[in-house]
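The following pair of complexes shares a single chain, chain A, combined with chain B in the former and chain C in the latter.
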Partner chain A sequence: MTLELSLNQQPAHARQGSSIGQPLTRRDGFLKVTGAARYAADNHPPGMLHAVLAVSSITRGRVASLDIEAAKAHAGVVEVMTPRNRPALAADPDAKDHPFMFRLDLLQNDQVRYPNQTIAVVIAETLEAATEGAALLSPRYEALPARVGLDDAESFVPRGVGVGGPAVQHKGDIEAGLKSARTRIEATYETPAQYHNAMEPHAIVAAWDGDRLSIDTPSQGLAMAQGRIAGLFGIAPQNIHIRSPFLGGGFGSKGMISGPQVLGILAARLVGRPVKLVLRREQMYGPVGHRAPTRQTLRMGMDGEGRLTAIHHHAKTASSTFDDFFEPAADASHTLYASPAITTSHEAVRLDTGTPLFMRAPGEATGSIALESAIDEAAHACGMDPLEFRLRNHAEVEPMTGKPFSSKALRECYSQAAKAFGWASRPLQPRLMRDADGFLTGWGMGTATFPAIMFQAEARAVLKADGSGLMETGAQDMGQGAWTAFAQIAADGLGLDIEQVDFRAGSSDLPNAGIAGGSGHTATAGMAIHNAGAAVIARLADLATGNEASPLFGAGNEGVLARGGRLYRRDDESRSESYAEILARAGLTEIEGHGKGAPDPASQETYAKHAHGAVFAEVKVDPDFGQIRVTRLVGAFAAGRVINPRLVRSQYYGGMIWGVSFALHEEAITDRRSGRIQNANLAEYHVPVNADVPSVEALLVHEDDPYVNALGIKGVGEIGITGTAGAVANAVWHATGVRPRRFPIRIEDLLV
Partner chain B sequence: MRDFDYIRPATIPDAIAAAAEPGSAYLAGGTNLLDLMKGGVTSPERIVDISRLPELNRIERLDDGGLRIGALVRNADLAHDAAFARTYPAVAEALLSGASAQLRNAATVGGNLLQRTRCSYFYDTASACNKREPSAGCAALGGENRLHAVLGWSDACIATHPSDFCVPLVALDAVVEIEGKAGRRHVTLAEFHRLPGDTPQRENALEPGDLIVAVRLPAEAASFAANARYLKVRERTSYAFAVVSAAAALVVDGGKIRAARLALGGVAAKPWRSRSAEAVLLGAGANEANFIRAADAALADASPSGDNAFKIELARRIVVRALMSAQAGTPERLPALPASPFSNIPGARHDA
Partner chain C sequence: MTKTTIPIHLDINGQHHELQLEPRVTLLDALRDRLAPTGTKKGCDHGQCGACTVHVDGERVLACLTLAAQAQGRAITTIEGLAREGELHPVQAAFLEQDAFQCGYCTSGQIMSAVACIREGHAGSDDEIREYMAGNLCRCGAYPHIVAAVRQAALEVAS
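And now, the complex of A and B:
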């Protein structure tokens, strides 16, 4: 599909050569600020009905009765979908063929396994009628006691954590390391359940035409969603067309197609008309994933010089009763600090919640706040400056595996950010700094890191008779700026100015661009685009260099350069020819090339690949009230090649602000008796507002990485949370002398 | 959403007649009512939209030196009325510390007085709540209640009244002007909201059909202009309800307190005027020792209703600081972060 509106809304930028590296503003920005960008729920095909979920108000048990007649009697209600009449599926929603397949609640029975689980879907002519119909169902339940907290169920060691990594890993002898230590610390930190809360709720508009399905829905992984839906409905993936040009945020919650989205498709099937289903804010607290709570204990030993002799990072977490996702929090200790002995271990309980899932920096964020707090405690125990301590324990090779890093400019990050922040004048002891108004002032730091991951992606490039280019890949723009960054890579790959390239993405009928997740989308789809560009340019070069009439005749493939819509002889740039001329001579209206992006298995074996950063935070704390304000954040990040510094900075800002949120604000407040989330709305589920982040600075540290991929791209989407959350916590300690051990930090924790 | 009738009366008597029918609710800015309706917390059968009644939209200076604020004056308009902000600075500061700019643009004076509690169990129709459904029980007792009441609560209900605006208003002896079937009457704001007792569903002095037409400030309220502050501690720097707040207003003469007003927010089912603290202050020296005595008096009857004992100590400290900053004098200009401890208020003491 193409966007109905052109994304080329801005004047051409005056620049020379490469598009990559230019701070272009978002090409979709104009559409968004004018309201012209059409999000999934903005689509209203003719004859469309509205579906509203009726969700469970109990946490565990079964639905004993529903007043379907009352709902159906309400004017405008067309149908009520329950386990009794829900259209048959080709696959069991509780089947799990592979670890990436998550069980869905699709009205397969009357069981309730978490609050806000769908128990019926009401379909009506209007949203209001469907909403009232859902209320009229007046469900009655047989309820069982809810298992709510980390101590409410028996714990076990999960078979795998995160995407399947081992739950327990050792290097060296942890007990011997602790024993030999001069100084030891042990501390336990708690992090709460958090919910993604993307601005745009999960929404779907689904329309069937026989066995063909047309869908508008936000998705971070179009091909994966297509495959999942195809499996559930027993139809061919190519019969499903998903459009997802814009996502109003995803943060992982739109990575997998969720139960409510599939219910929208089922509803359309049941009534034989297009159906729109949009989750209410509070309905997003359950069926679309969350970040699981953790309780993490860190034990560390240090020798007389402040060198770590042992790191034991243990994390207790929770999954749902019916599926497996275990927040790999302890794995944060695999990659950052050198130690002869490292043990990471996990245990888990099963609670009556929706299944936790990937949430921006899953495991890295939770693990980082505990690890960086513990490192701060360890530095203090050794009487050392936290930066000096981190430098003393800087890992020259990946600590857990001993692999060399493909690149690691962490020392540069430390020094640039420390300098910009003014860290050198920090007193070692806490509660010594006051500002002119008497606020307790504290400075803290944290190290940021995130793995450089790649998935699989494909792209298709076309050069046209008029000399312009087309690049297609089913990439997903979640607001991070994919429309812009990929167009920049495409322009360079095609040797064209960006205005000459029609870039198409956000639709499942385009080549599979993989997942916009794991901070790997730019690297993966970017490489596919780069390679597709190279392939089509190679074809073009063949046409030119093989034809006697071309000034490039005989130059050979290696001997030409593509730039500004022309091919140049490498050894003699006075000899060149435009794309249009080459195609015209060959009598072709267009030529195409295909490219793939994928991790290189050989370098994967050899190198540890991570982005790094350092974050410094200043907080002010009211000494009487314990109210906290983060007054300054400075981060420096090295994440390989920067495609667009403006967009990259935005990602760092967003991540760093989320780090503030993690340390100070975010928490799902769950009633310990009923298991119901008490703050499932944006008034009471706090995230920072502008006044909470008055000054945020992100420095881009140069880093060349020849091993991650040919473009040298790592990833920038998630790293900002890591490091920052711990830096804020450490700054609170430095301001107050009170060590935060549960997050978010609360006023009463600081009332001394 | 349940179907309801929508009526837009042209006059106050028409409005009252319409709203006197059972199942009616007035609609002003709608920032609270519509949320409650969407959540199924209240389901009125008839909405009486008063938002366009012109006579309720005025700020009038009265001959006796008092002020009459129409019930439909928007929170933002009132706070940004220069004369109002100069004369009643603590009220303006409280208004601007509430909600967000967008909400303040919509929210009205009457609606602010009548906003419902933020107790999450009141909003959660799957939980028991005596306020929503008399005799159903109170899920907040023994639940997530760290922000609940520490004064004036009962075993039937431990919710707080969340308004910022009402706190300095009650301190300044504001009076609510009500029009009902039986005509007009005046109720002091101190008596307007009720403590829960056994009937937490009865939140105020209004009878069916009663319309708040105005809020009056007596002439004396203006005498505190030079020494009046509102202070609000919250869990983020802006756009959050008070954990605890306080309004303090003083008339100081030669180091002695000639008049004192003190009220607390976020601690009880009503804006909490503390006359016992005022009694301690009256005639006493304007100094920290006396402010601490006043704070102790204000919280003497406080007790935790759950995991909220910290609010009692917090309230004491806020009272002291609010009195200190009132004594230091109202700032020339409203601070950029109204009522925030981080507003760098002159006279603030952060070295305790």
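And now, the complex of A and C:
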């Protein structure tokens, strides 16, 4: 079964030549503006029940009692799932077979290890009955003291950070570098816990049919989710069908299947009927990951000409008490600025929280705001303009490894963004600019960077007798534009107009498209699509060039090119033949080809691969009240080939707005006595609203990269946060003369 | 506790619906779970995000903070009721053209708010649009394009 999506209702824009590079509107846009796009929680299979989680109101301890009878007595309640009656699993949810398998809370016992952990699931005929039933459980607890702050537990050096990188890395002699410096700075910055808060709460509609499982749930990685569920339930992955055509945002929180999603499957198992389970907003502050808090100390030394002699970036962070994810914040200093000595190091504590996970630019975002702030402090200490200082320390090779960059148009980013912003007229000293209303005005900048990562993906291409094409890969669209960008790559790969291509994605019964994460989905699944297209065109060319009746006979596979549904001889384009004619002569109704996308190991070994950018920010600060407004943002980004500039600009804007949010808005606040998050809702956990967002400009800087992959794609989903957050912080300093050292920047920090 | 239901008549997008509901059912859950036009979305269920914005007698309201019973006898318009005979409403067309959404989950609410914002006369400048669209959160950060779309649609509606 494949998804029946009608994605061709909106005419594509006029264009010349290839689909790649065209600013097409979203192919799923018509569905999204009419309310017809079906998200997981929009599904209602016949006989469906509603499940609601009851979650822990303590931080650590055990559940002593639950009033199950009261809940079951409520009209409409069908069942209450607790550790006593939860269906058996084939695998321990606390088992960890590999580093990317995260422990889940699936009612395996009565222990509570973080607030908002599930302690029971109430299943009822209606959502209202299930909600009331959960409230009637009236849990009693045996509570233990909560450990909530970076100083509340013993610190240690983690075995690995991020995706398993070393916690400590050295290049050169850091102490010698600091000693030889003419100027030194040392500064400590704190970043808070942050929660993804995708607009769509995690949701699942699960239906069992014997040992076959049908699921609607948002997933950034369908095959990984399928494998995880298969392992937990002891069934074959192919018996599980997951549909995820649209994610209402992910940002990393839907990368791995979460505990609540699996509980929805267990609930359906328990009652023998389809079940829908949707997290309430406040329940998203615990079991679905977050960005861990950090405290980062940077020490830098500079010689008499403002060249860095040493960078020491140390980060303290936190994981949960029961699993390992360590925000690799200090690693941000590996790639940006040249220095003969660089040390990055991490330490961590274990706190009574849900396990932190990947959140948009994990490590890069947290590390960048500290590094870019410190670079700004270093520039000021040297009496240099921050842009001049960054250019003085521009890395010609990747600083930590010495590898050449596969491409790096950072200088062009600096110059284009600085010009568009008007940076040249910036006074060096802070607190010198005021606007007509008397507001303190400041300009700051930051460098943006994000690695060009690829995972593994597969795609299947088919050419049909009527000359049209089909491209299938289980890609995930969480808003980045997969439905559109991949259809564009598919059209070019198949040598067809985009209207002639049926592109299918978002379902686990399609070829594995890998994960929509790490800004690597377009490159990875895009290359699989590109290669599948090439494979099927090669088969078609064989059919034509090997047949005496074809005008292409004897041209050889390399001697033809595919365009607009026809194969042409390269050396004589007057000789051509349509796909339909070639297939008809061969007596075939269709032919297919398969392709893979993966990083090239040889070029991985040789080159450092990163996208780059430069962001300039203007802020205005009320001199009396300290209120901060960002009034202008200009970014320029170079990230290889742009598949669709309309969508890419949206990704940059979104990232830059996350950068503003990092600097000024978002923070989960934990009550030190109870360990509970006090602002677990969208009113008090501040994310930017429309009125918080200024004029934003994103310039797309041309960059050819022959080494990242054949299509030259890097990635654009996360880089916008980096650079921006620091640029805003540096602009606040420039406006006020007060250096922000903790984030988000608070009014009280400026009123000193 | 026994389950008490009451008859509730809802007029949605010009269609009359007779339902038997518990009094505690919100307009949002009545729409999504009982009537199945699921374009109206639930983001927070607390009136904090705007994803569930619909029109009641032409005014924007949060369906999660409105009981279905309160909407009886009033004209309810949801995202499904904006397009006429397959023609997108100018605000829908402008959102598509300006790429004023990414994941699309807040989009129904943004568009319903935008239609009302223009009708209220609050789309006179970019700053005014930002202020009067501030009740609809977009975590993807499509705000600059939302402002552009509302500006474009306001001009089209006026002409």
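One rule holds for everything that comes next: the second predicted complex is superposed on the first by the 745 of 752 C-alpha atoms of A that agree within 3 Å, B and C clash if a C-alpha of one lies under 4 Å from a C-alpha of the other, contacts with A are read in each partner's own complex, and residues count from 1 in each chain.
Please note the rule applied: a contact is a pair of C-beta atoms (placed from the backbone, for glycine too) under 8 Å apart; a residue touches a chain by one contact, two chains touch by 3 or more.
Bear in mind that the values here come from a model prediction, so they are computed numbers and not experimental data.
Looking at the superposed arrangement, the partner reaching more residues of chain A, out of chain B and chain C, is C. Shared-chain residue A:His241: touches no atom of chain B or chain C.
Once the two complexes are overlaid on the shared chain, A:Tyr39 sits against chain C while remaining clear of chain B.
In the superposition on chain A, A:Glu128 makes contact with both chain B and chain C. Looking at the shared chain after the overlay, A:Trp658 reaches chain C, while chain B stays out of its contact range. Applying the stated contact rule after C-alpha superposition, one finds that A:Pro688 touches each of chain B and chain C. Within the superposed three-chain model, A:Arg26 lies in touch with chain C and out of touch with chain B [touch as defined at top].
Touch criterion met: A:Met478 reaches chain C, while chain B stays clear of it. Shared interface residues of chain A, touching chain B in one complex and chain C in the other, are 128, 683, 688-692.
Listed in rising order, the residues of chain B touching chain A in the complex are 1-3, 40, 118, 120-121, 124-127, 139, 142-144, 146, 233-240, 243, 310, 313-314, 317-318, 320-321, 337, 341-342, 344, 348-352. Remark: chain C residues 1-3, 22, 24-25, 29, 32-33, 36-46, 48-49, 51, 78-80, 82-83, 88, 92-93, 95-97, 99, 101-108, 111, 129-131, 133-147 touch chain A in the complex.
On the side of chain A, the complex with chain B involves touching residues 57-58, 128, 131-132, 135, 434, 437-440, 620, 622-627, 629, 664-665, 669-674, 676, 678-679, 683-684, 686, 688-692, 746-748, 751. Residues 10, 25-26, 28-39, 41-42, 44, 50, 73-76, 126-129, 197-201, 246-251, 278, 280-281, 478-481, 646-647, 649-651, 653-658, 681-683, 687-693, 695-696 of chain A touch chain C in their complex.
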